[in-house]
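What follows is a group of structures, each given as structure tokens.
Shared between the two complexes below is chain A, which has chain B as its partner in the first and chain C in the second.
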Partner chain A sequence: MAGGVGPCRFGYYGEVQKEILKDLGYDFEMIILDPPQGHVIELINKIRLITNKNNNTVKDVVKAIRFAWKKAVLLDKIEKQLFKIRPRERYRGQTEKVYNFLVKDILDVKYEEELEDLETEIYEAFSNINVSENVTPVKVGIVGEIYTVLEPFVNLHIEEQLGDLGVEVHRNIYITDWVRENLFPSFLKPKDHNKILKLAEPFINCFVGGHGQESVAQIVNFSKMGFDGVIHLLPFTCMPEIVAKSAVPRVSQEYQIPVMTIVLDEHSAETGFRTRLEAFIDMIYHNREVNNIAVLSGN
Partner chain B sequence: MRIGIPRALFYYQYFPLWKTLFEALGYEVVLSQPTNKEILRQGIELCVDDACLPIKIFHGHVANLIGKVDMIYIPRIVSVEPREYICPKFLGLPDMIKNSVSKIPYIVDAEFNMYKGRYYILYHLLNLCKILNINPSRMLLAYGKAMYAQRQFEKLLVKKSAVPLDIFDQKQEKQSQPYIKEDNNIKVLLLGHNYNIYDDYISMGLIRKLRKHKIDFITCEMVEKNEIQEGNKKLSKDLFWTLGKKTIGTAYYFLERKQVDGVIHIASFGCGPDSLVGELIEKRIKREFKIPFLNLNIDEHAGEAGFNTRLEAFLDVLEGMKYFEDNISTYG
Partner chain C sequence: MQCCLGIDVGSVSTNLVLLDDKKRLVKKLYLSTAGNPIKAIKKGLGILQQEFKDLDIFAVGTTGSGRHLASILVGADIVKNEITAHAAAALEYYPQAQTILEIGGQDSKIIVIRNKTVVDFAMNTVCAAGTGSFLDRQAQRLGIPIDKFGEIALKSKNPTRIAGRCAVFAESDMIHKQQMGHATEDILRGLCEALVRNFLSNVAKGKEIRPLILFQGGVAANTGIRKAFEEQLQCKIHVPENHDVMGAVGAAILAFNHVVSRQKTTNFLGMDVAFQNYKVKSIECNGCPNACEIIQLFSDEKLMARWGDRCGKWSSIIAV
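Right, the complex of A and B next:
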């Protein structure tokens, strides 16, 4: 698994898990990938261990990484399509079905060359979905701690639920974006990342670990892009996001955008969660109506 | 000019330094009141609900200072030791305060970051110079004085096995008696973050209670730095939180030398680092040392009666093990 050097506690999970598993009597070898602090060789050795150094050459490994990367990019692409089309679909659940089908297709691909064919297939599949043209769905952004945002089981399928409510969902983190921002050498990094971070400065002035600063910056960014609302997700007791949470009321006030913070833990129940989402979306619709009337009457 | 220092968090670690520094620069240092019910109430009201108890109380202390001072010193403490962090909430503390407390006086929030090396303290001082408009040479002189006071304070903690409050009180009143140790007392390792243990309100008078029961305790501040380092050698990966490292180093050092009869660990509910550190210590004690271990989690709802019951039960166990164990017949 992956490690880290703080200040978020993720960096030490591996060590504690090792102790727990040892106590439970398992015999195992745990490989934790830490960012190198002077010992690059150690990291390389670990990577060689994972990649089965006896059977595979460096070329094979590079090829595999490239293949995996292309798949990840494609998966993110179809997910973005899904978010866009779902609120506009005419028959409920159709987009979801197509999406699940395509995910399976992508997983089944064995050779790099086949991916290109698949891509055209994907666009066809999505364009065949029956959509209503004249709907302008509410646009909601999702920000927060990366694992909570990315893992649908943890966030109780928030994207699907919002999609059902007729909301167009946008996320600030995709797995390929994260890799680009954090693992790529600096000349390949996307340039707008630092620009977006600057938006958080009046509220959170420095790196607070994890994605605390990013979350705030993204809320500002979403508001500037004309979104109707933002949902901020965090796991219970997540330290960086708590700092972000303290800034949320001020951000929301200054940028005039509704933000709902949802804290998730193992007790989160879907029904209560759904109710809160519905109430939030209702409020946004209400806001919209009020604003429209205001425009009509010239106030 | 009056500068306010909240009597919370790193007050218990750096107060002599801060006090001497600002007094040498010609400021009047004003402390908030000792933690009490009103401060806790205000803290809970102002702070985000998810933060831990010490952070909430810190908010209360800041609110307590409003109206009494011209500015409040809340440094952005990123790191106090090279290659280590404090918890992320400390990093964002000035921001949290600015975002949640309204009508606050000017906040001196110079960054305090020694992640890359100890000499980075100079940046903090230069920042302070800029904010307070002070000549750098004067600042350095004051810092030298302050550092001396801080060293004296740290030495006293180790040498006399004192707690910070003994020393702070002595300066003010000169009447609290130094604590006398006896040889046959039960020895307990009192682990946890200094701002939890030493705050009489947060820890519900734990130190008073231990002394009343004639229990010797060792806290992380009473231990030499090299001893902590030696304890930490047992870890397969260096911890990156200063306070966590101190806790675990102290624990491992004394446990291995079998110099303590029991261990008390105090953590605030929702504390990120301690959730891992506590787990590691507990597992190790269970597996290797087999001595009583009491893990107390505190939050703003903690009832003192329940706390006392647990503490007394724990002390009973220790007493039983220490004084009566020998009398049990070996023949069964």
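Right, the complex of A and C next:
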């Protein structure tokens, strides 16, 4: 599990998981990878621990990390394909099925060299899906706290649910992007990261912790890219995202893009969640029909 | 007679409406769901069947929290969420509406409309404080019929202040005020005001409320709540004649438009639904840690549909 430092909720997840597994009676040692704060050795020791330092050389570890990175890049690629193709599929569920098979295929690859062949296979598999050409699906962006955005079990499979409603979904966070932005040395960081962050300045002009600023910036960015709406997700009581939420009505008004904030916690009943998603998408479709501009905020 | 049918299966009531080919209301039924939506739908269809012998249903729409179940049962042409349905019904009869307040059995919502389109909405989240069920329960506890609730509340000249943010604590507070010796009508009126305050701060959350304001849902029948809204918003509130079945009306209108614009024939399975024996059995799937609860609908021992699984393993066996 990855960890976080300071009062952020992200650091709390690893600790909670540790307690839950302990309660379930597992005997284990939990290694939480925190961003090194002056103690790089500690992180390296932890990595050595995971990588079984007695059997593997540093070279093996570096090789393995490169392999894993390539797999992660490929996984993100196929996920983006899934988002693009799903709303256009002729037979409901077909893309999802193909995607699930491909995820397993990527998982099963044992050698780096095989990845390239697999990539060609992947594009073939996706191009074989029967799609309707003349559909322009509604495009919705998803922003918010990283874990709730990335973990389907937590966000009640929001991407799949929206896909079912015929929506093309885009996220502001993908694992590989996140690693590039947060863990890479600055000269390797994506160039537009700071440029996008600047978009938040009229609304939130300082660091508010977590990804509060990023969320606001991404809403503006999605609007500039011509998206029809944005869904903003946060776990109950996530402070940076609450700050972002307070800026949402203004962003939504100024950029004329509907934004719906959903606060997820253990009480988020699936029925109510689904009702909100459906109503939000209906609203976008209807607005599109009458070619009117929508302003939406709040929950 | 050519009619389209709208069914709204809510937590407390199941409503059925018939609209004619000009979208005029022919018949409305407001039935208690009583925890058994299938029974309620069958009962409703049975009543319609008896009253209208030559019924020709050309479109069916379902809405409400039980909309999916209802659509499988009767064969709906369109399945819509309550927010869209309520807005559709309101705009059909009040094209100039800009705000809809809707309070039902267990949820409350606000819908903001500008230029005949929904531009914003919100629903209550985890708490049902201030919805119909809570009012029902309090009326019962105080031994007054629910339809007299508003009338009695309005007799009060000096409403008691009740903490209405949470249903459980609102009840404690009411009991406390009762034991202090406040009159029942003062407590009731205080409750109406507390619920409206709660609605405006926790559901509406500062959204711009412009006239024309419509008040829909079962709770709109409560004159006490209506008055409290008018006082706090300092604006007239309109309660549509069929406020209690507006969801069903909306579903019928959406089904009407859907079928007519696409020139489709209806999926309606026929009034016989009322006389079939339906049974629901649920199983828990052990296929993966998701442990989905699979619901199976049987009609006279014949499996009709299955749903509730995430992966599609069960529902794909029989198309829903």
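Heads up, the rule we're going with is that the second predicted complex is superposed on the first by the 261 of 299 C-alpha atoms of A that agree within 3 Å, B and C clash if a C-alpha of one lies under 4 Å from a C-alpha of the other, contacts with A are read in each partner's own complex, and residues count from 1 in each chain.
Here, a residue touches a chain if its C-beta (ideal position, glycine included) is under 8 Å from a C-beta of that chain, and two chains touch if they have at least 3 such contacts.
Since we're looking at a predicted model, the values are computed, not measured.
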Touching partner for A:Asp117 - first (chain B), second (chain C), both, neither: neither
For A:Val263, using the defined touch cut-off, is the partner it touches chain B, chain C, both, or neither? Pick first, second, both or neither. both
A:Val208 contacts which: chain B (first), chain C (second), both, neither? first
Going by the contact rule set out at the top, does A:Asp60 touch chain B (first), chain C (second), both, or neither? neither
Applying the document's definition of touching, compare chain B and chain C: which contacts more of chain A? B
Which partner does A:Val16 reach: the first (chain B), the second (chain C), both, or neither? first
Touch check for A:Glu278: first (chain B), second (chain C), both, or neither? second
Let me check the overlay on chain A: which residues of chain A are in contact with chain B and also with chain C? 263
What residues on chain C touch chain A, complex-wise? 65, 80-84, 107, 114-123, 125-126, 205-207, 290, 310, 312, 316
Could you pull out which chain B residues touch chain A in their complex? 47-48, 50-51, 76, 78, 83-89, 91-92, 94-96, 99-100, 109, 111, 235-237, 239-241, 270-273, 275-276, 279-280, 283-284, 286-287
Provide the residue numbers of chain A that touch chain B in the complex, in ascending order. 3, 5-9, 11-16, 18-20, 23, 32, 34, 37, 203-210, 212, 234, 236-240, 242-247, 249-250, 263
Write out the stretch or stretches of chain A touching chain C in their complex. 93, 153, 157, 258, 263, 267, 271-272, 274-276, 278-279, 282-283, 286-287, 290, 292, 294-299
